[in-house]
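Should a chain be cited, it is by its letter among A, B, C and D, assigned in written order, with residues numbered from 1 in that chain.
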Amino acid sequence: MNQSSITAQNATRRIVKRSRRYLLSLSILALAAGPAWAADLPLSGGGKEIVVLMPSRSNAYLAQWIRGAEASAKEDDYKLTVIENNFDQTEQDSQTEQRIALPHQPAAYIWWPADARAGIASLRRLSRTGVPVFQANQAVQPAAKKYVKAYAGVDDFFNGQIAGQNAEAARAAFVAAGNKLSSPGGNLVILKFIPGYSAGDDRERGFMDATKGKPFHVIATEYGGFDNASGYKAMSQLIPRIRGQGIDFVYGMSDGPVTGAVQALEEAGLKPGKNVYLVSATCIADISAIKSAKEFATGVQAAGLEGWFAVNVVARYFAHGDKILPGTYIAPATVDARPQFTEPPSEVNIIPNPPVVVGTNAADAPKVLANFKLWGQTFVDHCVY
Amino acid sequence: MMLEILELSKSYGAVAALSGVSFSAERGKVTALLGENGAGKSTLVKILSGLVVPTEGKIALDGHIIDTSTPDRASKSGVAVVQQEISVLPNLSITENFMLTAPSALLRRAKAASACRAYLDRLGLGDVDVGRPTGSLSVGERQLVEIARMLAQDAQVLVLDEPTAALGDRDIALVHQAVRRLAAEGKVVLYITHRLNELEEICEQAVVLRNGQVADRFATADTSIARVIYAMVGRELNELYPAVGNRAEPDGSSASNLVLTGLRTAGLLGSVDLDLKPGEIVATAGQIGSGFVEPLRAVAGVTAMTAGTMRLQGKAYSPRNHRERCSAGVAYCSADRQLDGFFPDRPVWETMSAPALAASGLWGSANGQRLRRSTDRLADRMTISLAYRDRAVRALSGGNAQKVSIGKWLSNDPQLLLVEEPTRGVDVGARAEVYRVIRSLADQGLSVLFASTDLDEVLGFGERVMIFHNRRQVETLPASALTRDKLATWITHGSCNG
Amino acid sequence: MVAAMVDLSGVRTTASQSAQSKGRGSVAVSLQSLAPIAPIALIFVIAAVAIPGFASGPNLIAVVQASAITGIAAIGAAAITIVGKFVSLAIEQQAVTAAYVFTAVLSIGQPVAVAVAATLIVAVIIGAVQGYLVARGLNPIVTTLAFGSALFGAVVLLSNNRTITLRHNPLAWLGGGTSWGVPNQAVVFVILLAIGTVFLSHTRLGRQIVLCGANPKAAELIGIPISRLVIIAYISAALASALVGMLVVGQVSQASSNMFDGLTIDVVAAILVGGIAIQGGEGQLWRAGVGALILTMLSNIMLLLGLDAGVRLLLKGGLAAAVLLAMTVMRRRSR
Amino acid sequence: MSRLDKGLGLRLGLSILLIVICAIEVDGFATMATLASIVENVALIGLLAAGLMLTMVAGQLDAAVASVAAVSAIIALLLGPYSLVLGIVVALVVAGLYGCGIGWIIARTGVSSLVLTVCMLIGLRGLALILVPQSPAVLADGLLWVSDGLVARVGPTTVLGIIGLVLILALGLGMRCTRLGLSLYAVGGNLERARGSGVNTTKVYMVAFAGSAMLAATAGILAALRSGSASGTGLDSFLLDGVTAAVVGGVSLEGGRGSIINVLLGSLIVRIIAAAAALLGMQSSVESIATGCILLAMLLLDDALGTRRGMKTAARWRVLGRPLRT
């Protein structure tokens, strides 16, 4: 084991410890706030219907989300109906109108707005049916809080924070490996999703928040899309412009664009994992970059787990007699088994988003990944779909 | 009281289409406007209709200068033009076409229908449903609708640009009747035509344009056709129709090229028979709708043969598509060669070489230079000027474009040439050229079958004439046995004793 | 005598005049054919002077590289334009289909040759079906739109909405590698452009495709098999899309449903900005490649200027419109 | 006449067939509520399709409708806090002026309208993103009653549905009963001939594109009011929805043909499928297969019935620029 990888491992441990502590304290808080019914409650929905209004599963992440949600519904004996729109708010509005108008209303609605934060009037009309509405994946807008019982899903701000921690670890390892930072904080490129997609803005804020102690020097922020090809295209065009300044770090909003960026950097003669470190906090589908340690660290934001969790929150809401606890609850990132969720859901329920730091040693990376477990499932189970 | 054209000039860049044209046309008379293609007629018409603004000059009606700077203003000034290309909208009904030129912003369909009914009646279209889309009418009927529409505009100056070019005899008579009535109503009528016989029939005076200038003016009553032609082409035209050359036939009974026996199609009520020898030019004549184009189209494979047999050089022949026809050595030119005769935006040589290219199949290389050179011989034979061979066909005059669209077939060495209306849209000078070229091809063994509504052409250019009436072949006679009157009687009555 | 008279009626110019006008004509022609180059050159010069880093070698290679995918797809799609059937609106969907077929066959353990063959065969079928429908007289825009929609749905459904990631990527060298410092994608692009250009002017098939687009009625009358040519054009467009699909898989080692978002619009824009007459019948294939280059250069310049996404789109649309209008006006003048 | 009837009959038949199938097969389809919602959406998509029909009948195509709708909706909602009415008026005026400009350019330069409007599609999307770079423009709480008002039920439809249908029918009436409307068909039938018949083609193009832009703006504003928000990336699907409805409605891309009733039926067919898919919780990929197949079937049926034949040679794709013969 060489020096750099030991430093990296230390950094990893520190991050994991810190975030564990953070998560633990949060969950304890949440536990303390609720009454302590420790007894195992049966979450049987008796075959009642939950209607999910969401964008199309032609996107792999959403498809995996639905698989998780369906598994969860099966466990808790709910019937899940997914009404898909083609990432189109107008279509979702009409579908909402149609569903609301039907005589047989479901037990609950899960609302995943097509256009980030949009569709507020439809959400309001959903809530007026008297059927509880839960929002998924896209954070609830302040103006819409009163229409939503609870939120379940990812927290893009939190995801950004994890990425920030990953980036800090990367910086430590970068320096420890004997690389010289191009600027005091290190030069950073941010690859955001697409214009107008608010998750990207939230993640960027989270990232900045986590690194505000010693901020990175952001030399470029570019839209890198959701997949490898877009990330590649963005990065390869960006490199000639910013190369002279020195590229130390790349923060991609997910592993898709990061994997593309790795390719672009390599073609430009840079060496990801050697003289440029890449981080993200969302693994998605393609794990080749992290597996070869060309990506320094990522995070497990598992689509399937998110879908499972969303339906579970609904089920728990009913099991506890329509009870919602105030505040935010971040589900614990337990390793070997899924935690027992016995308490009523909170207003905001966030899935765990544990960081995965593989460092820079390609030989060790597969091992790190193989050893990783979240809720009893491996990295591959969560991230490859 | 008259229309006066005062020193009108129009240049396109360095080329002067009209230079200082002045003449007048009286009310109550039909004034013929003559000239070859490119003489400046169409520019003059465009100026009158407001589509083109003259470089210099004015137009006066009854002593007042009128404004024809846009189509709208031209029609407000009382000038109405029946374009050479019919401007009736095919997707609109007859009534709608009328309403299009009506002044009111709101449409009153019922009223308009009865109004246009009256005009149609005047032109003999009384039995046509005014709700029909004009696209479903025959060309002649559309032309009449066009004239009717112009009548409805209450125009003072009526310009008719070759209104009878596409019409059969019956329709021509209708148009003439209409034109005479218009003149009698005291309107100025400018009548453009290539049919010289129309001069004596309906025109009282004539203006001849040549090279953008007025070449001659005369009253038609005391003018010979020779003077007209001289004024148009600048020289006398001795032989419009070339003589039959020395046919290279060893004996009188040479093998037939095309034999039709008992041919029937959906468009025919009777069967057609024909025996076409190599080097022979045969015409089919009849009124529009009489079925006279059917044999050509059946041989061309455009319409299906329903009964009978076709034999080409002794072999059974029934083409299912144009490819099979082409590979059998049969060339076909439709009547609308502006539409399907050539590739307007490509150089002339590409059109000229296209049949050979198509015949060579899809696979293999094609050398552009070689193709270009191979067309030189054809272009020479078609007397297409060297300067034009690399130009787009679009840039050519009507006559030259016709030569290209017929001449292209030579690249394929056809045995049989089928032509509908061989000289439609071709002026007198170029027309002689087209005849001469086809004749010389025939003299080298090509058989020609052409369909024409121009009786002079049928008699002058055809060696034999297949006469059609009421969708039946009524007779086939040597052209020498016919006169214009006799032929007219045949095609209108289906017999020689009208 | 008669010949002279015909010249009088038709030509009405003396020999020297006609030579002169021919000379003018050829000047106009070359100006017209250079029209798409002019904006490129202008933009290039301005950018090279005004923007640091633009004229650097790596940046220019990046531009060519970034235009390669659009360009390759545009070369194929240009066949549809040239044969007179406007454009295909199913380019994205064809590329996605190819990407999925290719990765699916590879991931069940078949050798790369089998995967390539399968992808190309599927492309030929897809192209032939569309070509057949359009040759029957169906509206090409709507047909490809509808077909693309159905195709995309079918592929997504069959793939069970999953992304397929390759563990071992046998086409990585082609999709991502470089030869003599030039990305292989760009090399493929340039080679295809050259092949296509020669094909159109030097083969019977190519020349007949051009004639078919110039006037389908005339082409049919002289025995050119227009239905077959239309089908061939659609097949070639599908094959180009398939190649794009495989190249991108080679580059990113995965197939996902949204990997070609926006490709169709890019391709259409490239064809049109390059100046291929949309009515068909103009056989200058290189224009498609030039169009792709112009567009990529525009976005590259805006990226170098660090403009915001909204501003970038606004300028892209505006500049494309300006190039288009300038070219339209120039072309009309030269006629 | 008979040709029109055949097309109308085909669409009417298909609509009825679909309704019967859905009523039997899809739970909850045969309710007044579903009907109301379908009619509402038919009106919304119909507005777009009717706008597209204006340009398509004139032989052109306005591909920028989606971006125009988005920008207009954003303008209206951004100005909402001051005065919603003002916002809507400004948005419509801006759209109208834009359309006039585009129509003028197309008439004067003969540029391919499809290509030019694709450029506008891209450019205006950029403008939308500039106007609302991050979070969408939202309807203030105090104005949410507007949104509720729009979806309030009125008989077999909603207020939004009635607004849309009234506008569409008014347009249909205008196209049938004014000379301007007839001129649109004339220009689409044959540009040169229309000009020869004294039609002011520049004016016709300006009216067509201004109408198309304003109808798209209306649809965009209505959709945004209904959902209470307008984002920079929103309303993207409007182009495809509108074109699909118009084409299923038998509007010919060759120009010169199309009727409002058929367009409404086209929108209805498209929306019935969408509604059934939503009620069944169908995967969107299945829906896109269904839509694609219906479109193809429609084309093939029209072709077989000959409703599109006959005039192909007359008009040649003017949407692609100047016609072959000038």
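Worth pointing out:
By definition in this document, contacts are C-beta pairs under 8 Å (C-beta built on N, C-alpha and C of every residue); 3 or more make two chains touch, one makes a residue touch a chain.
Keep in mind that this is a model prediction, so the values were computed, not measured.
For the pair chain B and chain C, chains touching both partners: D. The chain with its CA mean position farthest from that of chain B is A. Distance between chain A and chain C, defined via averaged C-alpha coordinates, is recorded as 38 Å.
With centres defined as mean CA coordinates, chain B is found 75 Å away from chain A.
Between the CA-based centres of chain C and chain D the separation comes to 29 Å, rounded to the whole angstrom.
Listed for chain D are residues 129, 133, 232, 283-285, 287-288, 313, 324, each touching two or more other chains. Chain B has residues 339, 344-345 in contact with two or more other chains. Residue positions 57-58, 195-196 of chain A are each in touch with at least two other chains.
Interface note: chains touch in the pairs A-C, A-D, B-C, B-D, C-D. On chain C, the positions that touch chain A within their shared complex are 53, 56, 58-59, 62-63, 65-66, 152, 156, 160-163, 165, 176, 178, 183, 248, 251-254, 256-261, 299-300, 303-304, 306, 309-310, 313. Touching chain C in their complex are the following residues of chain D: 105, 109-112, 114-116, 118-131, 133, 232, 240, 243-244, 247, 252-254, 283-293, 295-296, 299-300, 303, 308-309, 312-313, 316-317, 320-322, 324.
Contacts from chain A toward chain D in the complex involve residues 51, 56-58, 81-95, 97-99, 101-104, 115-122, 124-125, 141, 143, 194-198, 201.
Chain B makes touch with chain D in their complex at residues 49, 51, 71-72, 75, 81, 83, 85-92, 96-97, 99-102, 104-107, 131-132, 135-136, 149, 338-339, 344-345. Contact residues on chain B toward chain C in their complex (touch as defined above): 36-38, 211, 233-235, 237, 322-323, 325-327, 332, 334, 339-346, 350-351, 354-355, 357-368, 371, 383, 385, 387-388, 390-391, 396-397, 399-400, 408-409, 412, 427, 429-430, 432-433, 436.
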